[in-house]
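Shared between the two complexes below is chain A, which pairs with chain B and chain C, respectively.
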Partner chain A sequence: MEINIKEVNGVNVVEFTGNLDTNTAPEAESQINGLLDAGAAKILVNFENLNYISSAGLRVLLATAKKMMVSGGSLKICSLNSTVQEVFDISGFSTILSLAANEADALAAF
Partner chain B sequence: MPETQTKFTILAVDDTPENLDVVRGILAPQYIVKAAINGPMALKIVEKQPPDLILLDIMMPGMSGYEVCERLKANPETSHIPVIFLTAMEQTSDEASGFKLGAADYITKPVNPPILEARVKTHLALKQSMDELNKAYGVIKRQKDRMQEELNVGHDIQMSMLPLVFPPFPDRNEFSINALLKPAREVGGDFYDFFFINKDELCLVIGDVSGKGVPGALFMAVTRTMIKSNASGDRSPASIVTRVNEELSADNPQSMFVTLFLGIVNVKTGEFRFTNAGHNPPYIIQDGKELVCLDHRDGPIIGAIGGIAYKENKLSFSRNDTLLLFTDGVTEAMNPAGDLYLEDRLEAFLNSQNNLPTDELVTATLAAVEGFAADAEQADDITLLAFSLDIEPQELVHHQLELEARVDLSEIDRINQEFSVFASQHGIGAAAVQKVCIALDDLLNNIISYGFENNEDHVIQLTLDYVGERLEITIKDDGVPFNPFDQAQPDTALTVEERKIGGLGVLLVKELMSDVSYQRQQGSNVVTLILNTVP
Partner chain C sequence: MPNKLNQSRVAMFMSVDISGSTNFKSETQADDKGPAWVGAFEEFFREVPLIMMGQIAAAFIFEDEVPECSVWKVIGDEIVFLAHPTSARQTQLLTNAFYNTIINYDSKIFERWPLRVRGCCWAAQISNRNRQIEIPEMMGSDSSQTYVDYLGPDVDTGFRLGGCVGRGQLILSSNLVQLLAGLEESEGIQFHYVGRKVLKGVYKGRPYPLFLMTRQDCMPKTWEWEAEEDQGLVALRKNEPMPYAEILKLVDQIQNYLNRMCHAMIESLTFDTDK
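On to the complex of A and B.
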């Protein structure tokens, strides 16, 4: 899986290409933790090129959300495909995390 | 305080005032007496407040007593008031004309007081009885109308639930289907239904509820709804009927029950699985072969007792095979001599026909039954449902894949890759592939991370079977006994702070797959996942 990080208007945008599952979740966690340690207060996770996410990936997102809640930061996620959206709905994550349809909408909401 | 009975009112009509005095003198204390000295005045008084009885002089100037009587009898508001003619002359011809006009009686003048009193009393009593009779008749008629209304409502409920449009699936050429239900006068409780449970599997239902009228119709509506909702996720007739019986028998205070035949036919392959719960055994008509009767029971009538595991049977239709389902309105149809139609006559009739198209079959069978019954009243609903396979049945092709994974997390990726290749070879869509990969990731992660104390020399076996847009995956490992589906569910309503990390994997597997199950088989955990790849 590829992880691409860019900065747009003070927001750290993390783009995933591939699958966020047991094998790739550790790398994702490590990259995001790197951002948090560097003081990132606004993180947008862009799932436009994400094929699917398993519970391992959900754990990373939840851990990130908890840390940012404590630090007062803001986490958003955008561009979920239909299977990823279904996973978020089943797990209840669509109600506890801030989702957006696309990157532009998400950035505007920060 | 003593009850005072309302006094009757009597109107006396006579052009001679002295005669009115005499009548008043005789009747006054017992009755309220009103007086009129001519016809028009009398009619006015009657119009204002109809009396209970009228004493009417015949010979009056202007309007005669006959004319007054005629007018009274012509008006429906006043025609019921008894009229007694008073006349000075005793002439039989006058009496005859008077009675012809509708008079109740005749008294000759000079009036004899006891006779007048007696006749008045008699006719008032008669009128009172008539009034009571009419009132009672009104009550009975209203009840009869209410019962008819109930029958109509029951009938409407029954009819509203039946698929009545034929052909119901004009874009499907694999089969033909036709049905009819001829209700008895009192709603008899028959029903039929058919619906697709997935792209190629058609569920056929026929049943007969024991209750009549509106309660029977409502019970039928409940039964039909339960069948439909249970069939939507379940392809096994035995399982559907078992579940419906559990639900129906649990909440059935009136102890109604249903005879039921339920079958699921794959219209591409001709495979037919069916369960008979106490219903009339159906027939199969085949080209050039003997009539077949599916004569066995898979369990009792449904709705009576819970805890019953129904069985199911399987057969394969050939092209042009016709299945005929029917209710006992057919076999128990009675003719005027009291004979029943019975299975023998039905079989004789079916044998006498060529393998008819489904629409002709149901109408011809109904005509045969009605011909037999002649003008005897139809005691029960008559229902017929015919299905025939019109194409050459296809062989079901199974696409299979067998994989083995070592107990190492890096194997998960390889497994998912191999599955993705298999999926693209056989046209399984992207969404289905994603769901399977997520499920395998979560389940294999669990097994690899927690299932073994020492990871060497263990192997996890996966088999995938893809047939008819249905994917069945089994995952077998000989690790510690563990049923992933037997664990507590995470609470998905908690907030970010409250949520625990963990437990989500199995929830995703359960919800993304169409069906999941676990078995412990000879020292191995066996998890089975089923996914219908076309929703």
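On to the complex of A and C.
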């Protein structure tokens, strides 16, 4: 899995490529925690190039959402492919987290 | 070597397995895509962890932190989740999330296949009695990832206890019941004492108390149809949930008996937040 982080209009955009699963979740959590420790208040997770997310990946998103809730920040997720969307639907995360169809829509929603 | 591995903490195990899978595998016909049962198992292994994570998200919606929880083992047609709650409150919410996962997935799998699921939830204090060990032969390809296993009498008890639960139900270890019944807020959790059973190798052959969990707002879906063939359901239908005070008294009596008669301990669960 590759993780790329960029800043767009004050929003930290985290792009994932590959699979977010048991093997890669610790690295993903570490990278996101680095942003939180640096004081990031707005994080957009872009899943355009993510092939699959497992329960371990969902846990990273949940933990991040909790931390941002405590700090008064905001987390959004965009560009889910059909496989990832299905994972969100089965788990119920579609209704728990803030989702957008694409990066532009998500950025506009902050 | 003393290390962080065996610092005292609670390990919570949540097992879900497919009931009736052996018959199903032997009775289903194969077509050109292979045996039909494969799809049921693929769905089970894929969807249950996702549903569990969704239930955890729902259970912890008003909490600031979510405890670590992941798939620990997959054994045959069984998935075992492992969590490290840091308080009794987190343990309670994890138990609720797991119960909802069992009830929801039991309905879901039964819609598509003649299969059911059942659950067992137990906990062990990682201390002198139960230990956490690294197994070098099982290290991941990334050398930074160590494989950790859990050994001890309270860990073993859960695997025995899981054989005592019927379809669509959740059974809990007595130390877990004791912890949850000691909380002021029930969060809808109800306990039913449904008898005792000797579990091989547990408490020197003395019978182990069997507690089923239900929630008033989310009862096992098919219990009215299966009560005649399932002793746990018979007891569930006969008995109202046991008041928490009676649960605590009963577990205390059992602990005292086991301690005096056979020096077999039921170790209570404690958290740093309790100290």
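FYI, the second predicted complex is superposed on the first by the 110 of 110 C-alpha atoms of A that agree within 3 Å, B and C clash if a C-alpha of one lies under 4 Å from a C-alpha of the other, contacts with A are read in each partner's own complex, and residues count from 1 in each chain.
We take it that contacts are C-beta pairs under 8 Å (C-beta built on N, C-alpha and C of every residue); 3 or more make two chains touch, one makes a residue touch a chain.
Just so we're clear, the structure is a prediction, and the values are computed from it rather than from any experiment.
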Both complexes share chain A, so when I overlay them there, do chain B and chain C fit or clash? clash
More chain A residues in contact [chain B versus chain C]: B
State whether A:58 touches chain B only (first), chain C only (second), both chains, or neither. both
Does the superposition put A:6 against chain B (first), chain C (second), both, or neither? neither
Give one of first, second, both or neither to describe whether A:90 is in contact with chain B, with chain C, with both, or with none. both
For A:82, is the partner it touches chain B (first), chain C (second), both, or none of the two (neither)? first
Between chain B and chain C, whom does A:22 touch in the aligned arrangement: first, second, both, or neither? both
Once chain A of both complexes is superposed, is A:66 in touch with chain B (first), chain C (second), both, or neither? both
Could you list which residues of chain A make contact with chain B in one structure and with chain C in the other? 22-23, 54-56, 58-59, 62-63, 66, 69, 87, 90-92, 96
Of chain B, residues touching chain A in the complex: 409-410, 412-413, 416, 431, 434-435, 437-438, 441-442, 444-445, 490, 492-497, 499, 501-502, 504-505, 507-508, 511-512
Parts of chain A lying in touch with chain C, wherever the complex brings them together: 22-23, 26, 54-56, 58-59, 62-63, 66, 69-70, 87, 90-93, 96
So in the complex, which bits of chain A are touching chain B? 19, 21-23, 51-56, 58-59, 62-63, 65-66, 69, 81-83, 86-87, 90-92, 96-97
Residue numbers on chain C that touch chain A, as the complex places them: 47, 49-58, 60-61, 63-66, 68-71, 140, 142, 145
